[in-house]
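Structure below; questions to follow.
As written, the chains take the letters A, B and C, and residue 1 is the first residue of each chain.
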């Protein structure tokens, strides 16, 4: 593939309006069972916020708490919101996409229509963004109900979570298209996603990590998403830092789509 | 090959055949097993040391105050034993039962369905034991480094205790799976597992809860498992250890019995 | 599946839902070049050359087996000790299977003697598979008596299964294991040592011509290969009785013939075969004796030739007429002209079947009487004719 087509200004180049058809397909499937999805999407935030934010928070706050006297619940709530969206997006861009490529082969059926590989990539990316939006909105509801936000700006944590979800979904979808089975996902989740969840400043400030690990956290999209969402929720806006974080997320998303264009075409348009 | 040196006359001979089958399968995907070893460790470092730095010391049941990592490590071992057993007996077992049709072929051999159920539980325990040994080894090394995560020689018994926890949940998980019709049904299983994981005295003492809620939590199997292992690693054994053991072993045995009967119904129509 | 759960140890496991991509199918090898194939040889030698029988006749193979050994050098029955005892390997009286209000098998009686090839022939839903599952001790008997090897399935399930080979209708191979490992693991279920399981597995892979695929996964194999592997698996415990439930359904002709050949060799070695099928040619090829099942009951029993003799004539004359011209070739007219010529005449929408001992003669007489069919075919009666006579032509589902 010529380099010029890869490095176009529009990362979604090659996708048409038809990619919406893929989204429609996914929504049609989602009509069955959406309620149980929503229910667990609402139950999970409550359980986590109550257990970790309030329960564990009791012991954190008793010990002097976090710098600046931020309650532990308020500290982890926006982070968990972003993390939840990230986990869901990572999952959605691995097994279900693999099923569409290899197991159920629904992508192959779609490619017999005017749809192209980029339509599939962009269409399912929209779908994953939609699911992340739902989850983030439900999480926001839980945060508001538990009084876990210090600023109304917390509402903006939802788009941040969605952007973080895309920043994960796009590269992982690109990776999925290179796989011949789901063996690689196991390593991806065990050594990638789970450690991110645990060490990207969700439960404790990354300053508590050993010094050499801190720069590693900066390299992950989750850290940036968590940092912006937290500053919004706590009402401690730092415009410059915020823009850097958002820029980092966009960069991950764009790089993922560009990589996805290569791997999707290589896998599906042969 | 005589795994675990089981003799032919011993009742586990046939169940072990199924363990052999699973070993053959995983011989090719060793990474899948190996990588599972890291997850509890990541949790230990994140919770024990990261969050632990925010919390400092927490009180044990006997009133002694210990560093947070000492408190949370045994709970992570118990949770990991639970999750490993549940995962093996839910998703993997369901796949073999409904999709790979593994047991449809086995019923035409002298193997019985009780052998099948016991075999899969043995396999879950074997897999869980690798993780438990790994986890305990890391805790032990941390202890040599002066962190003292295990404060009693009784801690050596944490390994068999983790196996008991695994057995209890493997039996219960397998029994539950025999009632599952499609993958989505496992969401209900998660609905039981996740709250238990979060609220069973895993991450902080249940003294944080009102008295009534404490009683309910004390009745959950994970709380009993956490209590069992924590009592051993922190050297605070009490009479309730007997209750823990009886509870978990009974849960495993009842699960095993239900599984055998349900499999009869599903496979021997 | 729901969205990812934030719980340790719950990450999806690589082994689950593992599905191998379908690889290219290897060339379906007929048996080793030049090696003698008893079934094919029997066909070649006994292909009838009489009038009207110029086409290949599947009955011939059945005849081959019915001929006395001295006229058929290919056939050397190995008389086993078991064959000397008059006891049945399978003995059923009033055997009944009910699922709730539905009766799948309704009081059937049969015996299978050691060394014979016994078949259950019947349409879908006739109760064949339910009967086989009861014999295989994987389905409890509702009523009646059943013994296998003289043992009671209810009490002695494991003992019976230890001596039984089962080829179920669905392949039930282990998709996570290789071809060879499928056999090894299965052998272990029969308490074979690893060494012995391996020795037998390699021998069986050779027998079913799968040696070259031993280390491949099961998924990419063709339907015929999977079937052969299932048969090899069923033989790992050297069973004296092999149960086969529709062994060749869905296979292409080459695959079916190769399977028939292997089953024939097993029979020669003294293995008792008990199979179900709804293919008439298969029943004629493989079975010494068979029962026809319909709607949960046995409606006929005998050797293929006995059944043909008993229920249909020796030959069938098939006449086709032009239907579109103005001539009075209507059904009544044709029937009138054929009246008295044959034991039985069956009129179908597209042709008329005349059951008669001598098709050529009837065809000549019909011509003399002024019938002008557009095509005339004389063929030998087959089990299919028996089958349709007994179970009717309407579709049974």
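Operating definition for what follows: a contact is a pair of C-beta atoms (placed from the backbone, for glycine too) under 8 Å apart; a residue touches a chain by one contact, two chains touch by 3 or more.
Model, not experiment: these values are computed from the prediction.
Here the chain at the heart of the shown protein, by mean C-alpha position, is B. Counting C-beta pairs in contact, the pair that comes out ahead of the other among B-C and A-B is B-C.
A separation of 56 Å divides the Cα centre of chain A from that of chain C.
The centroid of the Cα atoms in chain B and the matching centroid in chain C are 48 Å apart.
Averaged C-alpha coordinates put the centre of chain A at 30 Å from the centre of chain B.
The set of chain A residues touching two or more other chains comprises 36, 40, 44, 48, 183, 186, 190, 194. In chain B, the residues that reach two or more other chains under the touch definition are 29, 31-32, 36, 39, 42-43, 184, 187, 190, 194.
Among the residues of chain C, those touching two or more other chains are numbered 1-2, 5, 8, 11-14, 16-17. Remark: chain A residues 33, 36, 40, 43-44, 47-48, 51-52, 55-56, 58-60, 63, 65-66, 72, 183, 186-187, 190-191, 194-195, 198-199, 203-204, 208-209 touch chain B in the complex. Within the complex formed with chain C, the chain B residues making contact are 1, 8, 13-14, 17, 20-21, 24-26, 29, 31-32, 36, 39-40, 42-43, 76, 79-80, 83-84, 86-87, 91-92, 95, 99-102, 104-112, 183-184, 186-187, 190, 193-194, 197, 267-269. If you check the complex, the residues on chain C that touch chain B are 1-2, 5, 7-17, 99, 136, 138-140, 157-159, 161-162, 164, 166, 168, 170, 172-177, 181, 184-186, 188-191, 194, 233-234, 237.
Residues 29, 31-32, 35-36, 38-39, 42-43, 45-47, 49-51, 53-56, 58, 68, 184, 187, 190-191, 194-195, 198-199, 203-204, 208-209 of chain B are the ones touching chain A in the complex.
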